[in-house]
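Below are structures written as structure tokens.
Both of the next two complexes hold chain A, though its partner changes from chain B to chain C.
Moving on to the complex of A and B:
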């Protein structure tokens, strides 16, 4: 294998760079020496593609960069490139992700390890560029691994982990990196950029093995199976997703050893959860105001913590049950909605409440819908959420399961 | 850009390779001309080929799990994705070969689609693929003039007036499909000047068909072939007449056989003879009335159909191919 000289030269020494979350993922793609990348413009994810195209133009990234004529084609192209053994990357946002949905669904069905970035965006109409999580969450039942990133550093790190996990033959499932529009895609932070050498040590080449579509291995992929076999094949995908939990743990440990950073768990991040009476739960960049609020409330003597769900798929049921085994109440903050769902709540709330049904501890679980369409979730909003949750503890019951935060009535 | 295989033109039907790439294991209908098209396609292309097929008869009828007629590597793609599938396959190979991750050798990439996948839903992706002249690929649209896999529904490539389950003749409306068949191959040739090879074809002319596949694969870059495939089920005729109906489509001037090679139009077979005045076009009635899908046609309907075909030969700028004309006197 040969790496383009300019590409190799860029990453000879470890360094720090002030970059956005999108740019961090673009760098991860170059470090992973991705073969085929497809782009189609939609805000806010497309900043990653602008960055990748510049790297390619400057000779700093040898990849086939294809500007597709639609999101559907974007995802179909990488699906087929992945089937012939190429490492691939693509992405989208909001309705663009939905335009590609047919291709997205079958990519998981075909067990192809495509890595995609979702720059979370509201599903307009009415027009809105800002973050909502409903776009990425739509794949939650289809066999995509789904991760919510909180920082630019994490975006780079998890992009590398994504390839290692997705391309592990025990898994062979696609991986979506969810990044909050603007708050992550467009916000810069200092990021530690590893060297090629480190990455190559961590990330082996993608080997499709006996599933490679090639004249030397003339297989037929995705024939008609119908009722005769579909159930068994679905079951295989289910087993792959179940196996992914252990594979993620294994590779995350390897990641921490190689790069010298990372959290205790790849699945969740706990911030002052241990002795907390009230635990806030959320995903993505919400972590920033949540941590600030928790810190200030702690200073005021209130026992509050924050649990960030990183992997939405696979959902870390047992770890979450354990983390919430000591608290009195949980406030799930959803940057999404699920109209007509139980409690008319959000997706994360219903998922988490379901996970807690079999837990030994049964805290009050309240839901707060906040920050839709990119509206900022402020520290004072979080204070209000904690107050409402405290009331449930005080009176011993939940008066209102789902509350929309800072919404004009 | 990756290299192409050297696939010489075949002189004489006896020289068509004996080796099969599409064999038993499918369950296409008796008289299915598209099955023949698949067989000839892969005979022409040879074993160092990857075939990708979009949803349609040639997916559903061909590949039932635990059996496959494909000796070459084959993969399904979505209904509207033949263009993207071809491009993704070609790009995946090209990238890995360039970077030394895969042995560098010419591998043919063929994506096929039916008329639903190519003329209707997948047109945008086909068009995009034909713009990317850094990739070697062939898109073959096998046109049986309806969504024949799902119960025979009208497509943008169905002939005017054809009876289908979405365009049945009724008590008030005798003609339900009022759309004239889309002129797909010229549209793609005119619209993609860097595409070096666009052709129409018909399985009734086996040698011509095989050689067109070979020309498309050897010329390099993205190419497109549109074949007309008589379909006993959708067109409603005795399966033994498939070949004959393909020939009649050409002899009546309804289907025009040609290649566009680097911008030059070359008419083939009976079409050439018609254009040169050596052969007279047969009346469209000879073709239409052999098929149940036109059984409801009134004499006026037949007259109208004939007039449209006459117009395409007598009034079009390039007879049978390009409808518009230069401004009078220009």
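Moving on to the complex of A and C:
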């Protein structure tokens, strides 16, 4: 594939930029030389479309940039573009993501490797721009891979990984990058921007192969099927999602080799978990205050750790079971809710508790709902969570499964 | 081991690029010294509207771990330096999120510095700034507040003058040398470097003692809890209102006591009650129902409610009956009609001085008169 000279010229040397998580994803799109990008404004996702249009206006990104008339069309366009062999990117937030839901569901059904960014935002009404994870979590059952980013650097890195995994013919599933509204989408941090050469070495062209919708390859996609075919089709998608675990591992190793950075595991981040008696669990930028709290508690002699769930789909059941096999209690901090669910808890909590059912060790698992609508989760909130969890250890039972943190009575 | 935080308090849209230039330059300069930083806007201010009080922050630390203590927040919890790029914000900052009115130096650490760009004297500014228990320093950069639009940037060197001053008043942040390098890196002209250096040399510092400043108490309120809040996302409307100051005559609408937004105002209307022909246009057109109808059928713009949009001035059919005047000229939100009632001659003199003074200055922003933009564009073409 040929790359526009101005675009290539932008990324000849490794450099540092002061950019937001959204801007980092915009740059990743330029580095991955995405062909088709669709946009429709909604805060906080719109920071990506603003940046991509700026790169395009500057001549630094040659792509088809289509501002659709709604989120539904936005996702329909990339779905079709992906079917005809274009590398695609789009995204949305909150209810915008929900408005596109029909297209979002069929993209996974058709096994199209669309990469999308979800700028996590509370679901209106009431109108709120701050982060909650319920928007992105809504695709958890549909065959989308789902990743929660914690820093702007990680946003850039995982956007590149996303293309490599999603476009791997063993997977061919869409990939959503979840970025906390404000804390990632609107905060600028120092980010290392790799070169085109490095990215090209890592990321091959998208090859749809025998599935390409093209006159030279006459096929029909998306047929009407009923009870006669559907179970087999679902089972195929299920197998693709199962296969993705090994593919992610493989490509993440490759990523680390090429770019010289990354965590031991692509699926989870373990922060002082090894010898911890209490392990906090959370997703996204919650990692930042959590790590600070863990450091301070460690200084005070308390054995606390933090486990960040990075991939929500595929869910790293075995790694999580293993990581939590030694602790006495787990405190899952959900930036989401699931009304009427078991324990009236959050989505992550119920998922994790279910994963731990088959584990050899059964720590107490408590749930904390915190930071909804973007409310800051402070170190003192996390200290309170640790105290409540310690009480469960001390008395040997959980008195209250789910606690809402820092909610005004 | 240290972390330094700086906030820029500015007028939404009009000064957004200015604030962004300042906070980004701070992080770039700190990077020159091997430090790590972040720059971000207060998310509660977004989407920004014209003139609303807004904030951006720069936080720099020696290590990534130290910086982490200040990430994933809506605003810094305290700052070493507050930079106020519109002096009228010294009266207080009411975010469009529900924070109430906050003193300009609310986040400034004890013995921290407040930098203000202003033509006013320190004494005049201190009259506006709420008193507090800890001392701080006031550093004034002489000049009019720099205003522009979203798509244009007025490159009047306010950004680099502030950055130069900042290096002087907060040496633990970055050296002037690193700041100059950061300015160069951004492709800014040598002239801007000179401006930064001059500002560094000329920076002044006025200690403000506890108890100095305005004694007024900023309005605040209790946020409801989930048990006390009405269900179904219902917000009750304000009452219909009643007579002027609770009396039998005139009319005064009920107003929200906890969300006033007058700190959005950088100009306010001054009314000449003697030439008013009682046409009602200001009262009808004011987008915020600011006018109280007085017992004698006049219209008194209520300064607890006015956001300074200038519509009343634009619609008033009588020349110089309503004039928008720089907010920096005032120290309170008192009723003009009541002042006029007490001393009509005195009021007239006061008003005439203000209006004449206003004619001499070029308006930096806001709604002046219909066709203003076309005139300015034509004049710009002449030069």
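What we mean here is this: the second predicted complex is superposed on the first by the 409 of 409 C-alpha atoms of A that agree within 3 Å, B and C clash if a C-alpha of one lies under 4 Å from a C-alpha of the other, contacts with A are read in each partner's own complex, and residues count from 1 in each chain.
In this text, a contact is a pair of C-beta atoms (placed from the backbone, for glycine too) under 8 Å apart; a residue touches a chain by one contact, two chains touch by 3 or more.
Treat the numbers as computed from the prediction; the structure is a model and nothing was measured.
S.K.: Compare chain B and chain C by how many residues of chain A each one touches, and report the one with more.
M.R.: The partner making contact with more of chain A's residues is B.
S.K.: Between chain B (first) and chain C (second), which, if any, makes contact with A:222: first, second, both or neither?
M.R.: A:222 contacts chain B only, not chain C.
S.K.: After superposition on the shared chain, which partner residues are touched by A:275: those of chain B (first), chain C (second), both, or neither?
M.R.: neither
S.K.: Per the contact definition in the header, classify A:285: touching chain B only (first), chain C only (second), both, or neither.
M.R.: Only chain C is touched by A:285; chain B is not.
S.K.: What is the shared patch of chain A, the residues that chain B and chain C both contact?
M.R.: Residues common to the chain A contacts of chain C and of chain B do not exist here, since the sets are disjoint.
S.K.: If we count contacts the way the header does, which residues on chain A are in touch with chain C in the complex?
M.R.: Per the stated touch rule, the residues are 16, 18, 20, 43, 125-126, 129-130, 180-183, 186-190, 285-286, 288-289, 291-292, 295, 374, 376-377, 379, 407-409.
S.K.: For the complex, give me every residue of chain A touching chain B.
M.R.: Counting only chain A, the residues touching chain B are 1-3, 33, 35-36, 62-64, 66, 68-70, 72-74, 76-86, 88, 102-103, 106, 205, 213-215, 217-226, 228-229.
S.K.: Which residues of chain C touch chain A in the complex?
M.R.: 24, 27-28, 31, 36-41, 43, 46-47, 65, 68-69, 71-74, 223-227, 233
S.K.: Please output the residues of chain B touching chain A within their complex, sorted ascending.
M.R.: Its residues touching chain A are 47-50, 52, 59-60, 63-65, 68, 70-78, 80-81, 83-89, 91-96, 98-102, 107, 124-125, 127-128, 132.
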